[in-house]
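One chain, chain A, links the two complexes that follow: it is found with chain B in the first and with chain C in the second.
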Partner chain A sequence: MSEHIDRIRDIAQRLLAEGRVDMIVGFRKGTLPMMNEPCFIKTPTAVDQLVWDSHCGINLANYLVDRSETIGVIAKGCDSRNIVTHIIENKVDRDKIVIIGVPCHGMVDKRKIQSLADAEIEAVAEQKDQLVVTAGGNEMTVPKKDVLQENCRVCIHRNPVIYDELAGERTEEQSDVDRYADVHEIEALSPDEKWHFFEDLLAPCIRCYACRNACPLCYCPTCFVDESRPQWVGKGQDPTDVRTFHFLRAFHCAGRCTDCGACERACPVGINMRVFTKKLEKDCFEQYGWEAGLTLDERPPLDTYRLEDPQDFIK
Partner chain B sequence: MTHMGIEPDRMHFSWISSAEATKFVVVAKEVTEKVRALGPNKHFIKTEARGAQHV
Partner chain C sequence: MKLVSIDKKDWEKGIERLRPRYRLFGPIREKTYHAFQRLDEGQLPDLAFANTRLSPKDIVFPQSKAILECSLDETKADHHIMKSIAGDDTPQLVLGIRPCDASALTLLDLNFNTDEVKDPYWIQAREKTTFFGLACDTPQSTCFCTSVGGGPFDEKGLDVLLVDADDRYLAKILTEKGAAAMQAAGWQDESDANALLERRRGAAEERIRSVVHTDRLKDIDILRLHGAPFWEDISFACINCGTCTYLCPTCWCFDIQDEVHQKTACRMKNWDSCMYPLFTHHTSGHNPRGTKLQRLRQRFMHKLKYFVDKHDAGIMCVGCGRCVHSCPVNIDIRHICNLMNQYSTEDACEAQG
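Up next, the complex of A and B:
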């Protein structure tokens, strides 16, 4: 997918030179391998800083809210769905953004790659579907599909759903994936097993809120965990409070989450908190036929009422 | 809630009009019976409170 970068730079340069946007939100190379960082490009001469490869997992929709500039934003499938969500939630004005869509082939999980290497990874280069990983002076080749982020592995919306410019040919969508295998596994457990599953899952959580900060949906001026009057949830490491934080945050994302994987990617201790949002995503899909961020013309299930809404749980 | 491991019988949702006294009685009885059968709640009790329970 690195072949897209020339088109991205061309488009970014044109938009800036013509004055159609005040800045471009994209990625530049980070200081560590596999860690591209978001950047704001404001002059046409600076577009060479932009990069595009398999380490652009951060969701750039996060950088569009509460800005006064007209912004050109580079968007993968999931970013574009989060931009749609921002627009229908009135957080972003469609006229103030220019979307540079990039068909995506999935982003890689740095933890999966690191686990294959004996030493610290020094560099990762891309050759079509292969990654050349340099660690401890040795090179090895890894097929990219083996080290994809879990959400990318089961993604069925790789092409941007909304865009003004497209920086590459549309890619074929995956159709042979079981998107909810992990949720089904949890659903099959007994109540007690479920409780312990989440207890173990959340045990390493240090409440750093990196998942919340990386999430484009979490734009509340004051998050419920930071409120102190009233204090909705304890601020310590008590497992009850940790669990309350994670579950409540997931509920706030119900019908809005696009499974972009930003939360899981940002987690410093490697908790897969996508299992929470994924369950709600599945429920929204099965009960309301809803997938977040696919259209500007429909309201999300939680702010509409329909007579046929399922209500079997009410006796 | 049941997905996170709360026993299904502990969760009840009902819509009862102020004119439906009999339904209220039926539902209240059913809820009490089911919850009693499960015994005291073990979840969502903070560590401090858990300690106090044993005193």
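Up next, the complex of A and C:
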């Protein structure tokens, strides 16, 4: 359990007892190793159910929209940026959210951990920056940094950018990471190679929409893939339709995505669809100097027009 | 039931003899997991797997299938007249299906092949497919087949059951279709190793750790269960994706969609999911299951109560554990089933929520 959990529980208890919030949204312990379940609690005595550890990769900002309650939400860096985006987009009322910010040291990827073991993993215990993994009756110690979620590995906003309460000491931001190494690799491919790369990447997609539904940005009442009059995208397994879904969804997240990794985490067949949003994030950063969700005081570039907008990339 | 010994040295030879007679399917490793695929020339099934990510129901109930088509070219005499797309009768053989997934097929039969309704696509696919099951020696922590009338060596839905016995497979022939395939493969050496098979079965069953209780489900009042107070709590995490329904071997819902490609139109039969908001969306715009609580409740009521009441065949779940393992937010059917099974109330019928 993270050292932040006691503070989180104290804050949660106080907020509920004082009636400042109707409910707290956080995690409770899952029924499987390396999993926690998003939950809500409404009574101060229930705060002991809350957990916080390296398996809290799900983005809780996804649970804030279209609710009438005042909600206390536990938010790490990326989650808090999505809350900022929600507020700017008028999906969430700032006055109805109490943000319990938690500085994050990175969440781990259960698939990476499982791939290190020959047998099914029975338990994972955390000891500071190491994980003790039990599988097939054997124990092995793994440094957390070796099994971080890909987005956490290159994260430069680990501290919450907005909060009402802070549940721990701010952590140092990573400065020596190349956020776009993966994008550069793909950009360097020839068009044919790129085509095959994307074909291969999306071939296992079963159109379950776990990526879309785990994403806090995807809150359209009717998603474009679900429209039928007119039908924009086929619903079957035609590869053109599968690719259209992924490409268009990425475009709908352009300038808004905080690279929280919820999409990749949710995918049941392990597709690394973050390559699309990373490319668009890189373009927004390089062309507009924009990073999503860092401040409530600026509207996103794809939302605004200014005479001095850069346009040297328009040929 | 005849027991045959297949020396592993004869395995490949037998498969090559089957290849001209059957379209073969088996588990193939894809990146980080196994999936049932059509076996190409020379390709052997990779039987070193716990279970496949998706269930093999796709082989007899494809995720996406064109069932009717027509031409939109108005110069053609039969334009806009929908015609059936001829199915093909090529026999299929699935190698390595697990007993849980095979028994799921018998549950799907209860929906697709009844006195009142016969799904022609399902029936044709079932009739032309032979299933060689592979018994499980190392069940996963998420497996609970023994709680739902199944087991790691269960025979329901199978034509042959294979048991890995180190240097050989023991093959228990269960049906005439199975016998025909065994003969085609040339696997005919009879064996009397029944005792060994039974020992393996016992050892495998003992390894199942998950227990799910279903004994009271039939007797609990349906409306009380529907109005139970725990639905709000257990549905909160759900993100209404289709992962559980698409990975599930017993889910059977489908949607009909028309699609147009230039001058051809076709009518598609695609898997659908009760988790999707569109699932019960009426043309009037009304949606009786517009909230995620209603949809999640419906999924578990269907699997664990409505089906139980309607069919007297236990719950609509074979304990494969895929939904437990793959749900992105750890919604756990084992936990929910136990919650439902132990639910009781002394109060009068609660208001529906």
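Criterion: the second predicted complex is superposed on the first by the 307 of 315 C-alpha atoms of A that agree within 3 Å, B and C clash if a C-alpha of one lies under 4 Å from a C-alpha of the other, contacts with A are read in each partner's own complex, and residues count from 1 in each chain.
Everything that follows uses one rule, which is that contacts are C-beta pairs under 8 Å (C-beta built on N, C-alpha and C of every residue); 3 or more make two chains touch, one makes a residue touch a chain.
Since the structure is predicted, the reported quantities are computational estimates derived from the model, not experimental observations.
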Checklist entry - In the superposed model on chain A, is it clash or fit for chain B and chain C? => result fit
Next on the checklist: According to the stated criteria, A:Gln149 is in contact with first (chain B), second (chain C), both, or neither; which is it?
Outcome noted: neither
Checklist entry - Regarding the shared-chain residue A:Ser54, is it in contact with chain B (first), chain C (second), both, or neither? => result neither
Next on the checklist: Is A:Gly234 touching anything from chain B or chain C once the two structures are fitted on A? First, second, both or neither.
Outcome noted: both
Next on the checklist: Just to be sure I read the superposition right, which of the two partners does A:Pro191 touch: chain B = first, chain C = second, or both, or neither?
Outcome noted: first
Item to check | Angular separation of chain B and chain C about chain A, which is computed from CA centres of the superposed model and rounded to the nearest 10 ° | outcome: 80
Item to check | Contacts of A:Ile314 with chain B and chain C, given as first, second, both or neither | outcome: first
Checklist entry - Between chain B (first) and chain C (second), which does A:Phe247 come into contact with in this model arrangement: first, second, both, or neither? => result first
Checklist entry - Between chain B and chain C, which makes contact with more of the residues in chain A? => result C
Item to check | Superposition-derived minimum Cα distance between chain C and chain B (Å) | outcome: 6
Checklist entry - Where on chain A do the contacts from chain B and from chain C line up? => result 234, 238
Next on the checklist: Looking at the complex, which residues from chain B come into contact with chain A?
Outcome noted: 2-8, 12-15, 27, 43-47
Checklist entry - Which residues, counting only chain A, touch chain C once they are in their complex? => result 30-32, 35-40, 58, 62-63, 111, 115, 120, 122, 204, 206-210, 212-214, 226, 228, 231, 234-238, 265-270
Checklist entry - How about chain A: which of its residues touch chain B in the complex? => result 186-187, 191-198, 234, 238-241, 243-244, 247, 279, 313-315
Checklist entry - If you look only at chain C, which of its residues touch chain A in the complex? => result 30-33, 35, 50, 53-54, 63-64, 140-142, 233, 236-237, 239-243, 246-247, 255, 257, 259, 268, 270, 273, 276-278, 324-326, 328-332, 334-335
